[in-house]
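In what comes next, subunit A is part of two complexes: it sits with subunit B in the first one and with subunit C in the second one.
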Partner chain A sequence: MPRISLENVTKKFKELVALNNLSFEIKDGEFFVILGPSGAGKTTFLKVIAGLEIPENGKIYFDGNLINHVATPNRDVALTFENYSLYPHFTVFNNIATPLKSSVQKNKYNKKQIQEKVDKLTKMLSINHLLNRLPSELSGGQKQRVALGRALIKEPQVLLLDEPLAHVDAKIRNQLRTEFHFLKEKFRTTTIYTTHDYKEAISLGDRMMVLNKGGIEQIGIPEIIYNFPKNTKVALAVGWPEINLFDCTVDFENSQLYCPKGDFVFNISSNVLKHLKIYGKSEYIVGIRPHYIGFSDKPSDTYSVKAICGTPEVLDNQLVFFAKVKNLDLNISTHDPDLSLKYEQELWLGFDDQSLIFFDKETNENIKLKE
Partner chain B sequence: MASVSLKNVYKYYESKKGRVEAVKNLNLDIKDKEIMSLLGPSGCGKTSTLRMIAGIEDISKGALYIGGILSNDLTPSERNIALAFEDYALYFHLTVKENIALCLQAKKIKPNIIVKKIKEVSEMLGIEDILDLKTTALSGGQQQRVSLARALVRDPSIFLLDEPISHIETEKRYQILAEIKKINLEFGSTMLYVTHNQTEAVAVSKKIGIMNFAELQQVGTRDEIYNNPINLFVANFVGEPPMNIMKCKIISEEDVIILKVENCSLKFIPEVKIVKKLHELNLKEAILGLRPQNIYIRRLSNKQKSVKGIIEVIEFLGEDVNLVLRSGDQKFSVYCSTDAGFKKDKEMELFYDQHRLHLFHPKTEKVISI
Partner chain C sequence: MNKRKKVGKNIFVNLLSYIVLIVSFSFLLFPVYWIFTMAIKTNPDILSYPPKFFFQPTIKGFQYILGLTKTVGATGVSAGVESFFLLGIKNSIIVVVISVLMSLAIGLPAAYVLARYDIKGKENIAFTILSFRFAPPLLVIIPLYLLFTKIGLYNSYFSLIWVYQLIALPMIVWIVRGYMEEIPIEVEQAAIVDGYSKIWIFFRIALPLAKAGIAAGTLLAFIYCWNNFIFGMILATVKIQPVTVQAMRYLTPDAIMFREVAAICIGAALPLLILSIFLQRYLISGLSMGAIRR
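Take a look at the complex of A and B:
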């Protein structure tokens, strides 16, 4: 399985820069996820790797061999499309067998071998019972498996999956996502997987990249991306409800942070204070994830910031609500959906300084990464 | 403003292969000013139900009352209903603004009021920048917002919304749902919200009706449906990730009745009350359901019982961790909040509350309760 390296790759469509000077490496056998909103350049990236688009600038290597001018059929890559692109008049069997019968394969496989290969693969994908059906007789999740089967049948060196779970409903998405964990261990093909769903990205990726307007925001293992986002854009791209971001001023004398918008102060430990002193500025954007904000119905040393509760709602196993502190709206979530909170109830919030993320107010960069 | 009531309603479609029942013996009451959502997989009959209320489809059998008046034979316009569809149904030769204004103009509303209404609704749905574009130039999500705007701008007694936000990006969905709720509060309009997405259903309405195979399965609040599902379908359909479902044998071990899951070493101990019921029914087997959220990685009280499993998949999801564990041939998942150093292939002990076990009849798939 090849290692894929990119050097200063740029792809433009007329004036529009779709991929902007990308340089990085995808490891041998790695499951690499690209996370980005629509229009970020995800599909273009896959097409460039597949050879369906030629970059204006830069070099692409498979295992150190330059492949810019290698035609798509000779790259040994397989690509699945967001909308499956199955042949509507072919059965599931024929859809999956097509790549083996193509002229590129030069009759490498006889009928029996094709039968065996399709049989083995479809068993793995749990679609063995559907071989004689037409695509129109399949559910979204089943179509996705067939598309995946067609990509995997010729055992490609590189597998490119374009938003494979975007069009299946939530229930099946959950199930297929878990199945991808099994599949990726079975095949160990170098895989590039695109998605706009951060949960898919952090769940599946050995490493992941946050792509925004054709440029790399951050590359890393999912835990790092989630817990140590490089800038406010990455912080907002992963996690739901969205991370809270608000401006704060440091009061070095009293070891406190002051938030002007919410007009409240809270204490921080000497450790964090030391860190901020070293960085040398007194104003920051502070980030805290909704489930790290503690709350209580009584004030105490830990819960010292008074807030008014918005309408609590149970969404995806979480109890989610807004809390209003003067002019500041905070997203708060908890894993206890049975908790009873009332609209406009008074709450007392606590911010554990270990879960705070500090961003430079001018550059929006995480200050910890600058060490 | 109006209540909606369906009494023994059927919808048949005649086809070459014979009669297809799209809706079977449906009894449903939506109170005046209430939002109710109808939740179910595709093909369950929820859209047919909505279309019958709107008057786009005939009612094959049964009665529809709107505001207490029998309305089977009223035309769609006489019913004063606003509709928004999943597939937009926009006039493609008109601009966004013209699409939204059309029904207001038809009602002879003054132009300055129309302008004001369009401004309000387009700000609410974030489409103020695209008002002068033709609808063909819009993305799917934008078209859907226009379709929704066209329904919301009217002042009907009943809103019928059929998957109105399914093509809109997730971040924006909850904002729009909040706006829909606000409209319901401010104008006191009755709403029926049809969706296959349970998160949307829970977010938009207190009361949820669940449909499958043309029949209404259960109506209740999120908590009622989640904690006391009436049958296996509802149990499996509601909740994410889905409930763990295991076939088990009812056996006696050292004078204690236990539920032994087939082909593995998992054993669950049901509550004494339920055991009595199982005896009454003279059952040897049952289907056991336990939600991934109700299995804990630490003992929370000494009343909790435990089982063991080997970790197969550790799925880091940011706020949560989804574990897939295995015992023999049985896989089951556990949902917990982020922490604890999980290791793959390691055996771990897990804890559950007896009262959180759901038991279903192996034949009828109905819940076994006291």
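Take a look at the complex of A and C:
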């Protein structure tokens, strides 16, 4: 039985449609990530699940029970907000203990038990030394952990995390992401985690969903989303540098692709050509990820497309730059730079045709997923 | 500009600012100073022209208003002077304290509802409450007098407390509403998710976080009610009248007791000063205090 399921859920704010006819399921114990840009509807979605917003249309089920009219305190969910929303006038201890003292808990815990539970959880979150501080005396990362503590303390059925790492320093972000993995294994709560960072989505999600303007673009395991994006929007949402997309015409006779914008051709192998023949059209939007474009300072059979190099950027073990082919800019990245590149240097590019993704020019949809 | 000129310019600017400040403050505080000295001068000194800035002080004025002066009657029996001042203070305290408390009891929940809920005609209600402050008391005093006498409320604490709501309620509702609107809604939503009711949220989240606004509103409501003259004068008599009206009793047909009236000004201002000092620390505290990322 799925833990959470939605049927045709629509949420409007006056004229703005925040959630557009959503229907899908989240499994028990799943760590489900929703990826989307600002304004996609991620926060609204979490608030609808929590019961803080009522949808205009649609049904929401927890464990098969309709919960549309169940009040928030009775839904047994916990929510962390993007800006933490800690109680500013409560200490860290009280912030975390408050959920245990509400009437919904029906006085389950006495003072000593509350003390013990808070102690244990804060030790796990490395904030045990901050119990007497006020939120104004904490750093961003510490506040995030307190917010998490407040959510986890009541061991909810469903955990809702709204962009938890969005406003945390980059260094702490990586650390916290690792901690999320640990918490994931330890608690195994059904979790919905929203983010605009695809790295978090791919790293943490058991399954993920790409949400755009209130509509579902694609749901699936991270590998599928990355390698078989349903349409160009999904392809652009995941991966950095962004996937390269350009229009191409197929030359079936010569087994080549011609790109008008860059005015170049490159060869494709017969099995790729076969797929295109089956699909039937001759014009496509071609997508290729930056690390599948190879380059060399000398022309050859493999590297045949002439390009001018843009400003290279070296990050950790990655070299990133864009290359200009006539009117087309291509993002290229490599983990193994064997050339020292200079701005406006001449390069010859080669495309790994096995990694090309073809999108229907009219519908923007991945042709592979149509089969 | 060379260093000498720069230093010279700085000194000049500083000196000029000090002079401006001293002049402005003298101008603003002079009446207060004058009243204060009037309260401790002898009668000839008060009336002397040119005005005396150096004089022999006396506490006779304060003694008189406190009823400590003894007068000798025609039969030679000495008795204490009746203290209208103390009677006025007592009445002021009763009427204003209860009025402000009542305004808080009605106004704080009203402010919360106006800040958080979406009711039809909300802004109309809010503006109506504010409009109480627009009406000049002189405009409404005659109908009120007629109404209160008709329903038997003339000369009662109850009528003054009721009427003072016109002054105190708008102050509290509008100031506190603004502060409550500043509280991020997510803090309250977090409390809902934690399992708490709106009532708990009102008492444990909204009120504490709006502390500064409540202090400001209370102080202003108190000051405006305390300083009110017209309602007390028309709707009540000596027994019930607040200290602002009682001061008039010292303007007798026999003598205009400037010194005693000045003494009352100071005496009547004291409770306000004490309240301001007490509430001051709440006025300084900020909102949200860093629990929300900005």
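The definition used in the following text is that the second predicted complex is superposed on the first by the 362 of 371 C-alpha atoms of A that agree within 3 Å, B and C clash if a C-alpha of one lies under 4 Å from a C-alpha of the other, contacts with A are read in each partner's own complex, and residues count from 1 in each chain.
Simple rule for what comes next: contacts are C-beta pairs under 8 Å (C-beta built on N, C-alpha and C of every residue); 3 or more make two chains touch, one makes a residue touch a chain.
Remember, it's a predicted structure, so these values are computed and weren't measured experimentally.
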item: When subunit B and subunit C are modelled together on subunit A, clash or fit; value: fit
item: Which of subunit B and subunit C A:A50 touches, first, second, both or neither; value: second
item: Touched partner set for A:H167, first subunit B, second subunit C, both or neither; value: second
item: First (subunit B), second (subunit C), both or neither touched by A:M124; value: neither
item: Touching partner for A:P88 - first (subunit B), second (subunit C), both, neither; value: second
item: First (subunit B), second (subunit C), both or neither touched by A:P135; value: second
item: Geometry of the superposed three-chain model: angle at subunit A (Cα centres of subunit B and subunit C, steps of 10 degrees); value: 70
item: Partner chain in contact with A:L245 - subunit B first, subunit C second, else both or neither; value: neither
item: First (subunit B), second (subunit C), both or neither touched by A:P99; value: second
item: First (subunit B), second (subunit C), both or neither touched by A:L341; value: neither
item: Least C-alpha distance (whole Å) that remains between subunit C and subunit B when both complexes are overlaid; value: 9
item: Contact residues of subunit A, present in both the subunit B and the subunit C interface; value: none
item: Residues of subunit C defined as touching subunit A within the complex; value: 184, 186-187, 189-197, 205, 208-209, 288-293
item: Residue ranges of subunit A touching subunit B (in the complex, touch as defined); value: 37-38, 169-171, 174-175, 177-178, 181-182, 196-199, 202-203, 222-223, 226, 238-240, 242, 289, 291, 313-318, 333, 335, 338
item: Residue ranges of subunit A touching subunit C (in the complex, touch as defined); value: 47, 50, 52, 72-73, 77-79, 81, 83-89, 98-99, 102-105, 134-138, 140, 143, 150, 154, 167
item: Subunit B to subunit A touching residues, read off their complex; value: 169-171, 174, 196-199, 202-203, 222-223, 237, 240-242, 293, 313, 315-320, 322, 324, 333, 335, 337
